Amino acid sequence: MSELTPVLELRGISKGFVGVQALDDVSFELHRGEVHILLGENGAGKSTLMKILCGAYKTDAGEFFYEGKAVKIAKPSDAKTYGIAVIFQEFTLVPHLSVAQNIFLGREAKGRWTGLLDQASMRSQAQQILDELDMAIDPDAELVSLGVAQQQMVEIAKALSQNAQILVLDEPTASLSDKETAKLFEMIAKLKSRGVAMVYISHRMAEVFSIGDRITVLRDGRKVASRFPAETNQDELVSLMVGKRVDLAYARTFEAQASQLALQVENLHAPSGVKGVSLEVRVGEIVGLAGLVGSGRTELARAIFGADPVSSGRVKIFGQLQDGGPLRAIELGAALIPESRKSQGLALILSCAHNITMASLKRLFPSGWFVPSKNLEQSIALIKRLRVATPGAHQLVQFLSGGNQQKIVISKWLSAEARFFIFDEPTRGIDVGAKAEIFSLIDGLVKQGAAVLMISSELSEIVKVCDRAYVMRDGLIAGELKRQEISEESILALGVQDARG
Amino acid sequence: MRVADSSAGFIRQLQKGNSVGASLLLLVLCLLFTVFSENFTSAPNLINIVKQSTILLLLALPMTLIILSEGIDLSMGALLTLANVVLASLVIKFGVLWPAFLLVLILCAFFGWANGLIISKLHIPPFVATLGTLGIAQGGALLVTDGQSVVGIPPEILYFYSGEWMGMAMPFWIAIVACAVFHVLLSHTPWGNHVIALGGNREALTLAGIKADWVLISVYVLSGVMCAIAAVLLTARISSGHPTAALGMEFDAIAAVALGGTSFEKGKGWLWGTVIGVLAVGVLRNGLNLMGVPSAVQVAAIGILVILALMVDGLRDKQND
Amino acid sequence: MTDHSAPSSNVQQVSGWSALPNSVRVTLLRLIALALIVLTLSLTSEAFLTSNNVLNVLRQTALLFLLASGLTIVILTAGLDLSVGANIGLSACLAATIIKSTGSISLALLAGMGSGFLIGLINGGLIAFLRIPPFIATYGMLWILHGVTYWFMGGETIHGFPADFRAIGSGYLWGIPIPVFLMLAFLLVGMIFLQRTRWGQDIYSVGANREAARLSGIPVNSRLVLAYVMSGLMAGLASLIFLARLNSAEGDIGEAMTLPAIAAVLIGGTSLFGGVGTITGTLIGALILTLVLNGMNLLSINASWQPLVTGVIVIAAVYFDNLSNKGDK
Amino acid sequence: MKAHWIVGTVLVAGLGATANAQTSGGEVLAVFTKNQTNPFFQTFRLGAESAAKQLNAKVTHYIPTKPDSIPEQMSQIEDVIVKKPNAIIYIPVDYKAMVPGIQKMNAAKIPVINATDRSESGEFVSFVGASDYALALESSRILFKAMGGKGNVVALEGVKGTLTNTDRMRGFTDAVKQNPNIKVVASQPGNYQRLLALQVMENLMQSNPQIDGVFAANDAMASGVIEALEGAKRKALVVGINGTKEGVDAVVSGKMLATADYGGFMQGCLSTMIAVRHLRKQPVPKEVIFPPVVIDKSNAAKYSAPVETMACPAWADMPKG
């Protein structure tokens, strides 16, 4: 790295919200043609720093230097003038506009005097960018018709179309398949050669070391350290992130033997994308469900739980036929901890107590007569058992952290005395510290005679936690891995067979 | 290269079944009435339908944009009534239309601006804000006229409703121009994309460097402006100002927009669907009048039309979601 | 909203206004507003605090509240019911016809409630099973009900009912108008249903997050139908009180009540987005609205001001709610 | 008196048959009334149907789906003109706002009989109605006579700005002038609606402890007032106008002092007869104003027959103004 002046430098950046100091005196340098990895747990201030970079938030203190000159970045248009573009995890795309319209939102090409949209030039420019990134996407297609991965690509094309000099990528590979991730890395390399500076936010160690030129670690809003990849290793980075020496993830003792059959799925077909799946889960087991994005794992989980309609095949829970909707599954002792907590798992504007007993009112109050004090007792007992950090059972769930919200969802199912749990990406959006707690919780469930089917995109989690694992590909089971056969390579091998061919 | 973007758009929207319900019903109604009442398809009657639907159309067009931006405007009917009585009084005082129309235009634009302000800056949900301003406009109309209707409109104002130009009735031309302007605004200007983005993903708009609040306010100002234009037509039609002339018309406009396939969330909608919705209601009322169907049945028929159309769209959504 | 008095475990007490749970704040805010209005009115018009006027205000509030209470439950599910006014029209006319033909009051009460129940059932069916947006479904039903009432009544009015039937509308018990007792009964039923039954809790869950409720095993469709049936039933019951009160039935008897009822619910702090709101709030909302209109009558302010003032109150109520919730963010 | 009517009708039917059979029957008449809910218009429609049956003409009713909706009645006029009925019997929703509609009917050369509300302008074959002024004057006089010419009186007005309300209140105020020590303590609008009149009366009773008499501009408001009085356990003499069944019953039961017969049924009969006679080239009067007839305890029985059973009297017996 030559000692040129950095293309962008932030000095002494601080930003606080009501009672929370999100960023505290953070300085950060970015050089041309460099991929600067930003590592940190959720709540470490990464997303706040990003929002400041793109002008969405104003800073409480600190200065910005663009190529050495002091500048002001207070609103999105400022960021644009300095060629800063941010790609968020929640896409900033409009469902019912076309791809071209999305890419040029706010920068539409207009006829000089008419002020009307120059549809043709917008379409051709969009096509050109898409071709450059060799994405097979029709610029006229309505966004809502594209898959998640394609939408991610449009998001990136949108940033590049602003011939951004500085690109901020927030966990871009979270929902990309390996093929697409490889293509993304190629493009990053191309951009590096063009001198584009990139801030790359991720917590996937493999990525950190494969494309990172420099790594900065944030913890609790403060910059903890800056390293070159060569100088450091995974363990040191994690300890910097978490602050205390902790073994990487929760290591599970596998002594429990499987007994009663909890789930039997026979040749299940569902219009949502399940094409004939058979599997089983026994009490005392944590069975992993691995596979790439779009391989149908969530669809399978929702079909088993009765959330989506089933076209053929059979599902049995604890030996009884699951032929109804979620209510039937719950009666049979099943539980679904959905992928998106906020939109499917919780009622954010209601209290913890209300959420915890939402699925067990019939059991707690068979007569229909609701006793608030009993409801409160049940909630407080579970809040204590799962050590949920909340001022009280009346606190609205929207004010809890990601990890605590997930605990509330789990308490909901414990209150419903479920004995077969389907976890869909249980640790998404949860910081490393809380992840370990979630896993110990899951392990506790299994030890107390429950069965768990766990969907996860983190291969390391599957390896460390599961007794057995199924790998799905295109709506089918590609293969089953026994305990000793499970490894990141074996999962990838089954998951991406045709991709590699 | 595409031949004509809008025609492809038109067909693409139809294929997507955006407002199959309304188009189907419009077709069925036309066939039904052509058979059952001989002078339904006569030229004067068809012109009648267009003339009678124009005022509702002038409200339904901006209402489409408002609903596309995930808002709603309950104050339109009351604002149109206020504009009607103020326009009538001013026209009588000035003796000529234009200065009066200008003042009414400013009044309505200000009213729309106030709606937009209350919603964006005071963070009050559009339903509540416009329910409140509905009362304010309604009260204003009563206060201005003290309950009396305003009479003595100079005859040349009537030209806008009953006059003709190049063989077609004036309202017809006004309707055509309004549809064209709104089509261009919505599908051919950056502003149009911003309105859809406001409903689809407001965060995306702000991050694209556009002031979402201003887009929202501009939509409500446009709604006010259209009320002023509709007021000219209404005043010409009833040759007077009446303190309750158009109360409740906003609900008919919202129904026409929903009939046309514009949904209440996520900025999904189609301008021409609304035009079909307005025509469907106009044809129904006209046809039933021609057949001399008892009024009680007419009243129920409108409700059934709305529910039937939405059922068709509802079931279609169910299939493909 | 569950009760807010119980002890909580590891509590860092955040003192002051924002510590109170939201539902308490909403109610407190309105009680203050209510007190202010009563104070100003009693100072400005000597006729205000007379027992006659107080009873008069209570009776008028009762009529508005009976309609608004059913609506509250519907709005809690993030829905809307525009057909309540027309529901009253049809139910009242049905009941009136039955009283006139059979003379039996119990049958008439049954007919009124029955028709309200049926209308609610149809509304619920359209919204839950046919997935028609509530605004449009109930707007369509509004027209259909009017059509049926006009066809059924043919422009006639039915008037003159037996004294003991009319008592439920204009009679007194221990010096208090009977509709007030019915208002308290509706209040109690509403509170018990929402706070003390699991179906009430489900209503809040469905309103707050419909998909999460479904995935928690709550039969969302049947809860929605239940909400609209209750709204229809309460409108049916209210129509009987209207009938008794007016001693005659005509087509558009309840038509002018729909928007004020929605206003009362909004002023009462129930949010249109569902999941937040209480029946007591709606009662206070109805009281505030009626008091202001009564006050304007007593001060013989031109009647044209009434819609204007109602509009301002609706906006002000929701604005102050936003302010008081700002503390939480 | 009743028997005589029936004989008369038979005579006329016979006469009608032998009249020069230029258009001996089957005329199509369009009857426009204001709304579905006011019983007065229901009696008018029944009168028209009964007369049409006698003269074997055909009657179709056009009633706005939204009560008293000006734009809607305008649309109904435009639609009906397309069908070219032989004659139109027309009660305008608003006597000033509907002038363009009447001009359209005249332009279409369709004979129009104006009934109940005298329209401000437009050519009519004739006008049939009662004098609101005279009716109000008579019923107010009876009220004040019963009050012994002194005491506090309250007036419940109809819909502000309507012709009927202006004339009726003029009649009331003239009657007050003729009784110097009658004191009008309050005059508030009840919009001809029962519920509103009831609530207004309740409020007025608070601020006026002593009310001896109440003048209500129509029977519906009168019954609202009676309910309010009973609710507050107070006594007062009440008079109304229109002579609807409800009003007559109240007079019979003694709750109401008197009402004035607005003659809905008779106006329906006469205007239809005039229309048919005009079409059959028979002489018709230019204007028929029913003499004010007050219904009090003495003659109430005669008027309490249910409307359905009534039949139009013969042309000869009709009051010819």
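By written order: A, B, C and D. Residues from 1 in each chain.
Everything below uses one rule, namely that contacts are C-beta pairs under 8 Å (C-beta built on N, C-alpha and C of every residue); 3 or more make two chains touch, one makes a residue touch a chain.
A quick note: this is a predicted structure, and the numbers were derived from the prediction, not measured.
Engineer: Which chains contact both chain A and chain D?
Structural biologist: B, C
Engineer: Work out the mean Cα position per chain and let me know which chain is farthest from chain C.
Structural biologist: A
Engineer: More C-beta pairs touching across which pair, A-C or B-D?
Structural biologist: Answer to which pair has more contacts is A-C.
Engineer: Would you mind pulling out the distance in Å between where the CA atoms of chain A average out and where those of chain B do?
Structural biologist: Using C-alpha averages as centres, the distance is 43 Å.
Engineer: When the centre of a chain is set as the mean of its C-alpha atoms, what distance in Å lies between chain B and chain D?
Structural biologist: For chain B versus chain D, the centre distance works out to 37 Å.
Engineer: Measuring from the mean C-alpha position of chain B to the mean C-alpha position of chain C, what distance in angstrom results?
Structural biologist: Averaging C-alpha atoms per chain gives centres 30 Å apart.
Engineer: Which residues belonging to chain C are in contact with no fewer than two other chains?
Structural biologist: In chain C, the residues touching two or more other chains are 143, 146, 150, 154, 303.
Engineer: What positions in chain D touch 2 or more of the other chains?
Structural biologist: Residues 36, 65, 189 of chain D each touch two or more of the other chains.
Engineer: Of all the residues in chain B, which ones touch at least 2 other chains?
Structural biologist: 146-147, 294-296, 298-299, 302
Engineer: Which two-chain combinations qualify as touching?
Structural biologist: Pairs satisfying the touch definition: A-B, A-C, B-C, B-D, C-D.
Engineer: Could you pull out which chain A residues touch chain C in their complex?
Structural biologist: 18, 305, 307, 325-327, 329-331, 336, 338, 343-351, 353-354, 357-359, 361-362, 364-365, 368-373, 375-376, 380, 383-384, 389, 391-394, 396, 399, 412, 416
Engineer: Write out the stretch or stretches of chain D touching chain B in their complex.
Structural biologist: So the residues of chain D touching chain B come out as 36, 60-66, 68, 70-72, 74-76, 78-80, 82-83, 94, 96-100, 104, 120, 159-161, 189.
Engineer: Quick check: in the complex, which residue numbers of chain B touch chain A?
Structural biologist: The touching residues are 1, 5, 184, 187-190, 192-194, 196-197, 200-201, 203-210, 266-269.
Engineer: Which of the residues in chain C come into contact with chain D in the complex?
Structural biologist: It is residues 45, 47, 50, 52-53, 56, 59-60, 143, 146, 150, 153-157, 159-160, 170, 177, 242, 245-248, 250-253, 256, 294, 297-298, 300, 303 of chain C that touch chain D.
Engineer: For a test of understanding, state which residues of chain C touch chain A in their complex under the given definition.
Structural biologist: Interface residues on the chain C side: 1-4, 6, 8-12, 14, 21-22, 195-202, 204-205, 208-209, 211-219, 275-276, 328-329.
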